[in-house]
Structures are given as C-alpha cells and as structure tokens.
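Multiple structures follow.
First subunit A sits with subunit B, and in the next complex the same chain sits with subunit C.
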Partner chain A sequence: MSVSSMALAQTLLNGALLGCLFGSIALGLSVKWGHLGVADFFHLSLTLLGAYVTYSLVSEQLWDPFLTLVVTVPAFFLIGVGVQWIFLALKAEAFTALLITFALFMVTESAVSMIWSPDLLNLRPMLADSFTTSLRLPEPLPQLAVQPVDLLALVCAVVMVGVSAFALGRTRSGRAVQAMRQDSEIAQTLGVRVVPLTLAVSGLAASTAAVAGMVVALRMPLSPSLPLQWIGAVVVATMLGGLGRPVGALVAAIVVMMIQNAWSLWFPPQWSPAVAFGVLFLFLAGGPAIRFVRESMTARRLA
Partner chain B sequence: MSLLRCTGVTKRFGGVTALAEVDLEVNEGEIVGLVGPNGSGKTTLLSTIAGSLPVSAGTIEFAGRDITRSTPHHRAHAGISRTFQVPRPLPSFSVEENVATGCMFGRDSMGRTAALAKARTVLELVGLGEHAGSEVGKLTLHERKFLEIARAIALDPQLILLDEVLGGLNPSEAALGMELIASLRTRGMSVIYIEHNVRAVSTLADRMYVLNQGRNLAHGLPADVLDDPRVVEAYLGGPTDA
Partner chain C sequence: MFSMIKKPAARGIAVSACAALLLSGCGGVVKEDGKKADPAADLPDAEIVSPIAGMECKTDAEPTGDPIVVGGSLSLTGPLAPTATLHKAVGDLVVEWVNDCGGIDGRPLEWKVLDDQGAPATVTSNYERLIGDKVDFVMGPYGGAAALAGAGPVTRAGYAYPTATNGAPDKLIGENHFPSWHIGGGVEDPTKMFAAQAQTFVDAVKSGANPPKSVFYATSKFPTTLSYTASTKPALEDAGAKTVGDVEYDLGTTDFSSIAIRIQNADPDLVYVGGLGADITNLYQAFDAIGYTPKGIYVALPAPAAVQGLGDKADGLLLSSIYENHPPLGDTDVAKYFAKSYSEIAGKEKLFPLVETQAAAGFSAWQILLTGINEAGVDNKAVIDWLNGHDVETLVGTANFDGFNNYGSDFTRVAQIQDGKRVLVWPEDVAGAEIDEKP
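Coming up: the complex of A and B.
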C-alpha cells in the first residue's frame, strides 16, 4: 500500500501530539518509579479519575475545564501523599508497593464503572468550537492540521516536564531528591528530611495526573478501561526515557507514539500496541550489544 | 562535660539481642575508642546513636537533650555525623557533590554554591582536593574511606562516628588516616572510633569501651583496658607479649 508523504507527515504529527499526552502521564510514573522506587500503576488510574472528575464538573456543573484543576490538582496531591504515607506506614518494599498500586488500579476501574457507568462518555460535543475545530499549520505545511486540544496536550507536557526537570536538576529540593534516590539512609545521615520529601514528591507526581486527566477528558471519549489501553505505551516510555528522567519520558513517549501511528499505516492497527514493547525489546537487547561493540573498538584502539 | 550519654541501650532483632543494656559516655573534645570482636554490636551501637536503627530500650542523650526517638536527619542537624564501614558514596554525584550534600542539608543549610566551595575546602583537608570533580567510581579504597570522613566533617558535627575508616588501608594510608582523626579533636569535634586495629585505637583514644556479645565488657584508659584480663581473654584471645 502506498502512502503519500503528507499522510505520513500527518500521521507522525498526530502520533507526536498523542505522545505528548502519554508523556504527561508517564511523567508522574517516571518520577515515582525512578525517585521513590514505586512502579505506581495507580498513577494511570488517577489520570482516568482526573478525566472523569473533569467530565462531571464540566458537563454537570458547567465549569471551565481549566478551572477544574483548582479542585483536582490539590485533591490529587493529597491522594498521592496518602498513598505514599500508606507505603511508609507499612514499610512496604518495592514489590509490596507494586501489588498495592496494582490493586488500587483494579479497584479504581471498578469504582469508576460503578460511579460513572461503564459506557463511553464524551465531553467533546459539549465543548466550545475553540477546543474542537482543527487548525491548519502555516506555510509551508498548510496541508497538515492539528486539534487545539492536542496543542493543549503539547503545552501541558512541555510545562510539566520542563518544571519537573528544572526542579529535579537545579533546585535544592531536587538535589535532596537525587540524594534520596541514590541512598535513602545516607541522605538522612546527611540531613535530608526523607519522609516529608517522599510525601511531597508523591503528591506532586499525583498532581500531574490531574492535569493529564483534564487533557484526556477533552481529547477522547472516556471509558473505565482506558488505563489498560495506555499501560503499554506509558510503561515503555517510562522505561525507555530512563526512570526518573522527565524529559526522557516525554521524548520516548513521542517517539513510541510516532512509530506506533506510522505502523498502523502499513500494518494491521491491532498490532500497534505490540510496537511499543517491540521498541522496548530492541532497546534493551540492543543497548548491551552497542556497549559491547563500543568497548571492543575502544580496547582495539588502545591495544 | 558530657556530650553523649547512652544509658541501658538495648537493640533486639526479633529474638536476637544485638545490644543489651549498653552504657557509653563521650565528653566534649574526646576521642573514644569502641572495640570488640566481630558481632559484638559495635556498628549496631553506632547506628542507634546515629538514628539509623531505633533502640528497643534505653535512652540516648546528646548535648543535654533526649534524642532517643529522633530521626537520623534530626540527629544530623543536632550535630551527629557518621561514616560507614563499607563506603557508601552517592554514585551519580561527583566527589565534591557528595561532600556538598552534607553542607547543603546539614546544620548550616547552605546554598549550592557555598556548599560546593566548602566541600572543596573539606576535600583539601582530607587530601582529596585534586579529586573534587572526579566520579566517585574512580576513587581507590582509601580515597573512598577519606571521602566518607570528608562527608561527615562537612556537616560540622559536634560528634563524629567513625566505623572502621582505616580498615583495608596499607600502613602509610592508615598513618594518614590516624593523623586526620587526631586533627578532628583540634577542630572541636568529639569522636567515637570503631576499629579492629586495637593498637591504632589505643594510640588515638582518650578512653576505650569494649563490647562483647552486645554487652559492656570494660571501659577506661586504653592502657588499663588493654591490660584487663577479661578483655585479653574475650577479645584478644589470650595474653600477649606486647
């Protein structure tokens, strides 16, 4: 099947913008996994919950979608703090924490089904045209179009990832988080207040799910099983980007979704979820091979 | 004047009693040696003083305050710092960043620039100045041990807990280490010093404590302790010619 270059470009652009949304979701997972050692699948459920709360506040209370963040961001911060507090209270090891978050993941899906119904809920018909009318790109690419909500996903992702990367890399608290990630006991003996820091990081990571959830509500029809559809791309982006690396997670999500979208141009789309894991496999298998070749060449040069 | 007083400190791990009613006192400006056979509870006692391990019973007072239930970071802020028997540098930080972390979050709570400047001063003091920008993975064992000391000094502690910082060093490196430990007193720090090399401890320490099977066996002046028949029997395994 031949594909025009414009169709390919549009597909890649759509993939990149969808990748921004997945990058926003992967951000919280990456921070919690990389810096707190918790592979928190509940983060995906929080994103779904954020989307449903946004849906309700917009469709029933007629709130502006952005105003919903005033409620969801602090609420999710508290949820994130609460979940981490439970891990600390239970002295949960990584595997125990994983099981707890997986349980919360399953419970949340059921709870959402019970509260909002398992049917598809779509906010888009209720949105103003400014959210849904496609925009043409300026010259030299007027054939390409983007949805305003996708641009919103891009802006949210860039802002959240940029702020996170700056906070982790350039601020005093970021240094404390990095010290804690490397060795929590040593960090404490050096004066780092590990417990409040852990709670704050967990709360902030959960807050990003509120923002991502708002974008999800504006971007796609909602169903309780959405996290199961996201989990592959989000986990792969988190791992490919490097645990605890916000920029890496965003870039990886964009790359994975571009490849996944392009794949569906030539191959059956039902195979596209396997693409993400295929990319991860190539990365994991290819990494050591590349390192081996590089070290062999270095050794030969030195000999 | 007493800086640290441990009274009846007991630590149990399930059914195993690692420390049983241990008493220990450190005065200001004093170097106290803590010796004992393997498994006698020396490092466990250090960990309870640093707050890494909670005590099962007993009390720990530092500078007149009860710190028995304080967290490790509170104790660091109060003026207690420690080294670890096996060096544990923060691997993705450079040598100076490892030390600067103590300056940033310790008692003085400095900004990053000031902390890095102070870290370089401390590294010069321990002889690691030329390695300030290096990766910690490139340090030798003795450099890693001295980095542990530098990181502990960076907190400006009143009491520094040294856990076998000379272990595994060759004689010239150990001599440098002993000079460094002796210099801590002149910087206004008190020291609790664990070492397998009893002669090294007795050279540096003002007083010594001996633990055996988690209990106080003896304490006093180094010469008196080394001559104590109970110590000779339990720790040295028999009389010596020395």
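Coming up: the complex of A and C.
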C-alpha cells in the first residue's frame, strides 16, 4: 500500500501519543519492578480502577476529571502502601509477590464487573466538544491533528516521568532507593530506613495509576477486561526501557507504539500486537549478540 | 517523601497543574448538560400478558408444586460478560414474568445459571453438571464457541437446546437445536449460511438514494464477523461496489489509528466494519484524532452501549440487527411489556436499557422453549418433536426449524441510527423508516 509522508507522520504521531499513555502506566510497574523487585500486575488493575472511579465521579457527581485526582491519588497511595505492607508482612519472595499481584489482577476484573457493570462505559458523550475535537498543528504541519486528550496524556506522562526521574536521580531519598535496590541490608546499615521508604515508593507508584486511570477514562470506553489489552505493550515497554528507569519506560512505550502503528499502516494490522514482542525479542537477543561481536573484535585486536 | 521534591520538581508540578487548569478552562472538560439522557425514559407503561402464544396469564394464581428448572451457562465474568450479563437479565425477567402469570401448568419456573467465564471447556462441564443435577431443561449459552461447547453433553443427554446467539450456524448441532437468531433462510448447504444476510445488506444499501460505489472492509478476527465479511464482500462487488481496502485486526484491538488512516486514504463511500463490542467507538475515536468523517459506515455486531456512547456522531450509522423496539415488531402487547420490564431490570444491572438484537434474541429463545413446554409438557423428547413440527411465534418473527442445523428463517435486518434512535430500515415489512444515505 502506498501512503503519503503525511499519513505516515500522522500514524507516528498517534503512536507516540498513545505511547505516552502506556508509558504512564508502565512508569509505576517499572519503578516497583526495578526498585522493589515486585513485578506488580495489580498496577494495571489500579489504573483500571482509577478510570472507573473517575468515570463515576464525573458521570454521577459531575466532577471535573482533574478534581477526581484529589480523591484518587491519596486513595491509591494508601492502596499501594497497603499492598506493599502485605508483601513485607508475608516476607514474600519475588515469585510469591508476582503470584499475589496476578491474583489481585484477576480479582479486580471481577470486582469491577460487579461494582460497575460488565457492559461498556464511556465518558466521551459527556465531554465538551472542545475536548473531543481534534486540533490541527500549526504551520508548517497543518495536515496533522491531535486530540486534546492525547495532549493531556503527553503532559501527564512527561510530568510524572520527569518528577520520578528527578526524584530517583537527584534527591537523597532517590539515592536511598537506588542504594536499597543494590543491597538493602547494607543500605539499612548505612542509615536508610528501608521499610518506610519501600512503602512510600509503592504508594507513589500506585498514585501514578490514579493519574493514568483518569486519562484512560477520558480516552477510551471502559470495560473490566481492558488491562488485558494493555498488558503486552506495558510489560514490553517496562522491560525495554530498563527496570526502574522511568524515562526509559516512557521512551520505550513511545517507540514501541510508533513501530506498531507504522507496521499497521503497511502490513496486516492483526499482527501489530506481535510487533511489540518482536521488538522485545530482538532487543533481548541482540544484547548478547552485540556483546559477543564486540568481545570477538577486542580479542582479535589484542591478538 | 515530600522532602525529596525540591524546587525543580515543584516547578514541574506547578507547570502540570497549570496545563491541567488551562485544558479544563478552555471550555471545560465536561459538558454543562453532561448527565446522560435515559434512552428508555419514553417507554410507555404496559400491562402484563402471557409471554407466549397459547398460554394464559393468570396473575391471581400463585404457582405451586415442584419448579420446572431450566439450567444454563453464561459468561458472567470475563471478556464476554458485557453481553452475557444481558442474557442473564433476560432469563431472570422471563422467570419472574412466567411466575407472575401463574407459572406453567401451575408450576413455578426456576432458572439456574452457572458462570463459565467465557471458557468453552467450562461451558461443557457446566452443562454436564446441570444435567447431573437433573435440571428439566437447558437454555443455550452466549456466543458461538460456547454454544458448540455445550452442544455435546446437552445432545447426548437428549435435551432440547435453544440458543440465542450461536455465531457458528454452519457447525451442525442436531435436531434438538432451536436457534432464535435465525440466519440462512432455510438453506441446506452450510457453506451458504451467511449468504442471505449478505443479500439483505446489499438490498438495503441498494434501496437508498446513494448506494456505495466503493467499500473499505475492516474486520475483527472473530469467526462470526469474518463469516459476515466473507459473504458480504462478493455480494457487494457483484452489486457494483468496488473494494478499495480490506484489513483484518485482532479481537480486542483498541488502537485503530493506522486503520483509520488507511480508510482516510481510500476515502470510500462505505466503511464496512466487521467489528463487535467497542470497536466502533475506538474507530470513531481514531477518526476524530485525524479529523476524518466517513461518508457512510456499517458495523456488524456493536455493543449497544458503544453505539449509544457515540452520541450525535452515530447518526446515519448502519448496523446489523434482528430487532429494534418500534412498530411493527415492537407493537404487540408482549413486546411492549418486555420492553418496559427489560428497561427496569437492565437499569438495575447498569446495562443498555432498550431491547435490541441481543435482548430480543435472548427473549425469543425463551419463547421457543416455553412454547415447546407449554405445548408438549415437561419432557425433552416431546418438546423436541413438537418444535421440529411446528412454527413458533417469537418477538423477532415466526421461527421455523426446517433448514440446515434447524435454521429455517432469516431474521437478519439492517438498522440505522436516525435522530439518535435505532430504527430498522430493511427489509420493508419490518422497517420503521427508509434508509438514509447521504450523497
């Protein structure tokens, strides 16, 4: 199929903006997986819960979506703290924690079905036209369009990832988290309060799900099984970006979604979900191959 | 933890807050009249009547004795739950309705449902369990794969097997199978099962002022929608509509941006979406993102809530249907009572409150079973024999079981959203309005 450069540019732009949403979701997963050693699939469920709570507060109480964050962010912080406290109380190993979060993932889907409805819920008809009508980019690219909700996803992703990266890299607490990641016992000996710090990191990671959930509620129709649609892209972005690296997760999500969208423009779209895993496979397989080539060249030079 | 957030981070938070306020301030995010209108608000009150022909409704008689138990399996959780829950609500309503009418031959009706989570293997074991529990009759599950999975134990045990939504009509179940969503028009060749629905669609678009000359097909990789597209595409090509694009996408796809751009490039007269569930919502979202408005669009099996959620954008949308709640089909006493009662129970379950294809198919399956029991008694063999020899009046039309796999009629119709309402536009004998095809 022949496509114009503008069509390709629009596809890549759409992919990048959707990648921002998936990057926001991957942020919490990456931080918990990388720094606390918990591959927390429940984080995707929290994002879904955030979306449903946003839906209820907006559709039934007519709250502004941004105002819902006043409720959801602190509430999710406490949930994140609570879940991590359970892991600590159970002295859960990584695999046990993974199983627990997977169980919570499944339970949440059923709970959402029962509390709200298994039927589709959609905030879109309630949104102002100014929020659902796409905006044309200024000259020299007036052919390209973006939706306000996608710009919101971009802003939320950049802010959350930026703050997380800054906090992890430039603050005492962030450096304490990094030290804890490398060796928690030595970090504790050096004065790092491991338990409160772990609980706080888990709480903050969960809080990001509240923000991502708000964007989800504004962006797409809700159904309880929605996290199953995200899990591939989010996990791939988390792993590609490097565990515990917020910027990496966001960049990886953007790149993966751009590649996936570009693929769908030329090739059968039904294969696009496999593209994300193909990229991950190439990345994982490519690492050792590049290392092998580099070491061979070094050995040859030395010989 | 907040101590770690120093000045630059605080600036970031401030910037984001400003951005959020700016977005919200530009006309607001939510409409001022944002509360959703209830589409069932205008439904008139209706008097209770017997749900089937040939049965008297005795509202002053309390049913007594052993209940007649109907067992069923539905995916009350899992990806199929949105629609399966609707069928559970229909079953609950019918049981209450029959018992309010004094039961069947004075005996109360009972409905025992097990959750299969959308897994065919669980459907099979659920029906084995129900048969082991000696339920008197069974009602089919939701979906083609589930219907086939349940057919084995049900047929082996000699039970009648009414189904509402068997999306695989070309897979033989047997003489005990009594579908309510009839397709095929009585053909004996299983490879031609979807030909009648394709012809209905072609006739519908040809009946309008501007039949499409070019069509773009986007089809979900789901057996029923693939069958729909496979039969409709050659029929439309024979009618002179050129194919300008044809893509398939994975079931559950939420990002349609590339498909939308392909459609925009082809700019067809008609976009044929062989989609289901929320596909149409996500596709419109992708159209919105690129600022494209399709000239004409048809969708095969959308969730009613998804169509409702499109608001004004859905106007003109064509969709596959077997029933919409308006005359002539909706003008009977049974249809009026069902519409009113269903809107109440659906409201409680937070489901789409109007009777459309799914609810109508579910209710019609119950009408087939109840008619069989009423005429032949509480005996599966007698019910199977009676139904195979007689027509049954249902909400969606007169069902007969004369063709392949007991599909005798074809109830495929075409509906359109006109002024925010769902209305049948083809065939003419059930239409509530003419098709509106914009130039």
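Throughout what follows, the second predicted complex is superposed on the first by the 301 of 303 C-alpha atoms of A that agree within 3 Å, B and C clash if a C-alpha of one lies under 4 Å from a C-alpha of the other, contacts with A are read in each partner's own complex, and residues count from 1 in each chain.
As a convention for this text, a residue touches a chain if its C-beta (ideal position, glycine included) is under 8 Å from a C-beta of that chain, and two chains touch if they have at least 3 such contacts.
Since we're looking at a predicted model, the values are computed, not measured.
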Problem - First, second, both or neither for A:T54, with subunit B first and subunit C second - result: neither
Practice task
Applying the touch criterion given at the start, work out whether A:R172 contacts subunit B, subunit C, both or neither, answering first, second, both or neither.
Solution key: both
Exercise for the section: Look at A:N122 in the shared chain and tell me whether it touches subunit B only, subunit C only, both, or neither; answer first, second, both or neither. Expected result: second
Practice task
For A:T132, decide between first (touching subunit B), second (touching subunit C), both and neither.
Solution key: second
Handout entry: More subunit A residues in contact - subunit B or subunit C
Key = C
Practice task
Using the superposition on chain A described above, determine whether A:T189 touches subunit B (first), subunit C (second), both, or neither.
Solution key: first
Practice task
Considering only touches as defined above, state whether A:Q270 meets subunit B (first), subunit C (second), both or neither.
Solution key: second
Fill in the blank from the handout: subunit A contact set shared between subunit B and subunit C covers 172
Completion exercise
In the complex, subunit C touches subunit A at residues 1, 3-6, 8-9, 12-13, 15-16, 19-21, 23-24, 26-31, 34-36, 76-79, 81-82, 84-86, 221, 247-250, 252-255, 257-259, 261-262, 264-265, 277-278, 281-282, 285-286, 288-291, 303, 305-306, 308-311, 349-352
Practice task
Over in the complex, which subunit A residues touch subunit B? Could you list them?
Solution key: 172, 175-176, 178-179, 182-183, 185-195
Exercise for the section: Please give the residue numbers of subunit B that touch subunit A in the complex, ascending. Expected result: 50-52, 71-73, 76-77, 81-82, 84, 88, 90-93, 101-102, 104-107, 109, 111-112, 151, 155
Problem - subunit C contact footprint on subunit A (complex, rising order) - result: 1, 3-4, 7, 10-11, 14-15, 18, 58-59, 62, 64-66, 109-110, 113, 116-122, 124-134, 136, 145-148, 150-152, 155-156, 159, 162-163, 166-167, 170-174, 200, 204, 218-221, 223-226, 228-229, 257, 260-265, 268-270, 272-273
